[in-house]
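Next up: some structures, all given as structure tokens.
Common to both upcoming complexes is subunit A, partnered first by subunit B, then by subunit C.
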Partner chain A sequence: MLDGLRTYRMISVMWIRSTMAYRASFAMTTLGNFTATAFDFVAILLMFSRVDALGGYTLPEIAFLYGLSSVAFGLADLCLGSMERLGRRVRDGTLDTLLVRPAPVLAQMAADQFGLRRLGRVTQGTMVLVYALATVDIDWTALKLLLMPVMILSGAGIFAAVFVAGAAFQFVAQDASEVQNAFTYGGTTLLQYPPTVFATELVRGVTFVLPLSFVNWLPATYVLGRPIPLGLPQWVAFLSPLVAAGCCALAGLAWRAGLRSYRSTGS
Partner chain B sequence: MDSGRLYLAVGVGGFRRYATYRAATAAGIFTNTVFGLILVYTYTALWDQRPQLGGYDLAQAVTYVWVGQSLFKTLANGGGGVEGELMERIRTGDIAVDLYRPADLQLWWLAADLGRSVFELLARGVPPFVLGALMFDLALPTDATTWLAFLVAVVLAMLVSFGIRYLMALSAFWLLDGTGVAQMVMFVGWFCSGMILPLNVFPGLLGEVVRALPWSALLQAPADVLLGQADALGTYAFQLLWAVLLLAAGRLVQGMATRRVVVQGG
Partner chain C sequence: MVDGADAGFIELDRVEKVFEVRKKSGFMKRERREVRAVDSISFRVARGEMVGYIGPNGAGKSTTIKMLTGILAPSGGRLSVAGIDPSRERRHLAHRIGVVFGQRTTLWWDLPLIDSYKLMHRMYRIPDARYRQNLDRLVELLDLADLLDVPVRQLSLGQRMRGDIAAALLHDPDVLYLDEPTIGLDVISKARVREFLREVNTERGTTVLLTTHDLQDIEQLCSRVMVIDHGRLMYDGPLAGLHEAGDSERTLVVDLERELPPIEVEGARVVKVEGPRQWLAFPAGTSAAPLVARIAAEYPMVDLSVREPDIEAVIAKMYAEKAAT
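Presenting the complex of A and B:
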């Protein structure tokens, strides 16, 4: 574990220095990352230029959901976003290089091409979250305040598990790396809107099958004082850290199974 | 070799190249369908609040979602066309080989990209649309003429899309690492083509501006022809105007680039 973190730190620092060789491009890609996600939010603002509420939620409330989902996803993407390259490495055989190095493959893979530009997304999400906190009407209690950082870290943990599990799936599927996008980018987009917008089966699916709703829907509806989706009891709002730990453990097992089943290309 | 046949061969090559990755195609269909679902639910909430928003009824808005997901890869307004490879060739200096060929650079890449677009339309466009039609009530035309008119608009959209991406790729002659520009163009294109929200929902002056930009020729134009919201001939004229302007600009920049810029590597 410590070995892995050390590897991760060294490789990512190396990539940061390499990125800084093309400073103009770094500035543009970071701005690009920022803008990309900003456009998502602009679209929501445009919707609210025509309506007062979406699925019964007001703009500050949706901004709250949006900010939480974006920051949690952005943190996971910053740390593990490179995992989606695994399929390509399996295809062209360069994964073998990682296997012969005396360092954990997961850490090497996660730090590969470490993109500091991904801070653009985290920054944008944070700005929306700050806007939401300034405008939304919440009866703050100590418990709700405590839930805020817990929610963001657990959310990042859940998305991190999705990234690792998606990469593990690519050992089998290879070219099918895009499936992962449906759960990562698709997941964060889904969570930016209130659960009341979606069909009950869909909400059930992302609660009991792929527990994305623990990223923000369940804890955030509690903080906002809104009904918890699916009529679940209030205490589920506090389960996010447990769910995140469970997801990460399962993703770790999937990763091991995937790595063990790996057969190099060629012979 | 007769030049028409040359470009046809390049186009067929582009088609076959993208057809090689079957698992990737299946994965893409899945992803587009998931995004389509998310959008359908948000649009439903939006149109529930404001029926007839942007002149669409709910069924038309839902149809628009599936047209968008189906044309997403074809028009490459999220990137992923041949421009990535072209930029890489400029960065590495391989472009010198392309310039030596007894073929026109722009037409060569246009042919390759059209081949790719046709493949994406058939393989990545049709399945999400059919899935969408099975799951939701769509406002689809019943007469063959409207479908044909829609297809013509899609082909014109392919030309406009290439025009934009070719210009963007040529910027690599000056910038070398074009990743930043590519990303910016991709996101602006995504937003301004109406992938997130139909352009006729954009309010006031902003709406008028985005509807006049070339990106509105990509998704909004064919969708409106299919939904019977726009006159086909007027739409074609708008698309053609942008296609000609962009391709001409591409030619001009290409001339400047090949004359002035020293290819990397000497």
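Presenting the complex of A and C:
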């Protein structure tokens, strides 16, 4: 674990330095990342020029969900977005070059081509979240305040687990990066809208099967004073850290199994 | 002769690697088939030896190297490198070995060459003084000074190969694996790489195991050669013995002044005629000079060249012979 973090820091710092050697290019790509992700929110703004509420949620409330989802996902994407390339590395055999080095493969893979430009999404999400916090009507309590950083970190943890598990799946199916994208990029887009606009089955799926709703839906409904989806008990809103820890543990196991199967088949 | 632990620095004992291949055999049906990529191979390499590991495509060379580096776990048998079980203690072993894959770089593709070395420095925890000393030496010997600030993707194949070899040696490994180190290189780059490898082997005592398609690599570098085909070790000994074992033939290519009927000469036979050019096969063990003299005395010869037998041909012959006995 420590070895992994050390490796991760070492490689990512090297990439950041190399990125910073071309500041203009960095500024452009980050701005591009910012703009591309901002379009999602523009789409929501356009909708609200026609309607006053979406699934019973007002614009500031949706901005709240959006901001939480984007920041949590943006952090996971910043740290682990490179995992998506695993399938390609298996296919062209360059994964082998990571296996002959004295450092954990997961850390080497995650830090490879560390994309600082992905800060664009985090920045955009943060701006939307700040707008939401400034406009939304919340009865702040100590518990609700505490829930804010907990939500963001747990959410990032859940998305991180999806990135790792998706990469592990690519050991078996090397062209599965699109499947992974459906759950990562698709997941964050889903969470940007209130649960009330989706079919119950879908909400159930992202609660009990792939627990994305713990990123923002469940805890955020508590903060906003909205009814919790699926008629779940109130305390479920506080389970996000546990769910995140569980997801990460499972993803870690999946990664180990994937790597082991690669090393015994050498596909 | 070396004794004790050094004699079996790399040791394989009936090592096997079986892959399961699934093939579609109709709608939704899949047939399972076992492929023995490595079939009960045993050998020992002493510390400081330089061994060539050759064989045609798909013979099991790369699979063996992958097992020796710990990338792949063997399906059966035992292997050890410097007293370490490679697949169990892969990361521990990594400190002791250097690996160069001819077709893929171990360098960070988009970073300047020097950044890869800096990363290796920290990843392998090479002491600062040692790192600087090794880097200086490698940069000088492999002529890398002008390339250090160039991103790896912009290097030519030969430059990249030199960069890769340097990267593999920064941490003073005891064993160096080279998988096709001269593939795709021009003559000058090949010569440079070979010269450097010879030096590393003699001066540092680094054990070198190299796979190659190029018999010249072996001829110029290795005192010992192992031939593998269909996952089995076909031959293990000096290169000269390989030619004898394979009863191989060299080829004399003769350009005549004009088209003539096939040359009739003692000690060789014509295998191909194409206009004024004729190909003659003669035993690899005999000298070409008297043969050339005999032909020149009777035929109007314009030009000639001698071709060494390629590995595939040698192995094919060896295989045929084994099957016959």
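FYI, the second predicted complex is superposed on the first by the 262 of 267 C-alpha atoms of A that agree within 3 Å, B and C clash if a C-alpha of one lies under 4 Å from a C-alpha of the other, contacts with A are read in each partner's own complex, and residues count from 1 in each chain.
As a working rule, a contact is a pair of C-beta atoms (placed from the backbone, for glycine too) under 8 Å apart; a residue touches a chain by one contact, two chains touch by 3 or more.
As the structure is a computational prediction, the values presented were derived from the model and not from experiment.
In the superposition on chain A, A:A249 makes contact with neither subunit B nor subunit C. Of the two partner chains placed by superposition, A:L5 touches none, neither subunit B nor subunit C.
Of the two partner chains, subunit C is the only one touched by A:Q113; subunit B is not. Within the superposed three-chain model, A:A257 lies out of touch with both subunit B and subunit C [touch as defined at top].
In the superposition on chain A, A:N181 makes contact with subunit B only, while subunit C stays out of contact range. When the two complexes are overlaid, the chain among subunit B and subunit C that reaches more residues of subunit A is B.
In the overlay built on the shared chain, the residue A:M14 is in contact with subunit C alone; subunit B does not reach it. In the superposition on chain A, contact of A:L146 is made with neither subunit B nor subunit C. In the overlay built on the shared chain, the residue A:F198 is in contact with subunit B alone; subunit C does not reach it. Applying the stated contact rule after C-alpha superposition, one finds that A:T97 touches subunit C and leaves subunit B untouched.
In the three-chain superposition model, subunit A touches subunit B and subunit C at no common residue. By the touch criterion given at the top, residues 21-24, 26-28, 30-31, 34-35, 37-38, 41-42, 44-46, 49-50, 53, 175-177, 179-181, 183-184, 186-188, 190-191, 196-197, 201-203, 206 of subunit B touch subunit A in their complex. Listing the residues of subunit A that touch subunit B in their complex gives 22, 24-29, 31-33, 35-36, 39-40, 42-43, 46-47, 49-55, 173-179, 181-182, 186, 189-190, 193, 196-199, 202. In the complex of the two chains, the subunit A residues touching subunit C come out as 7, 10-11, 14-15, 17-18, 92-94, 96-97, 99-104, 112-113, 263-266.
Against subunit A, the residues of subunit C that register as touching in their complex are 19-20, 63, 66, 69-73, 75, 87, 90-92, 94-95, 97, 99, 101, 103-106, 108, 110-112, 115, 118-119, 122-124.
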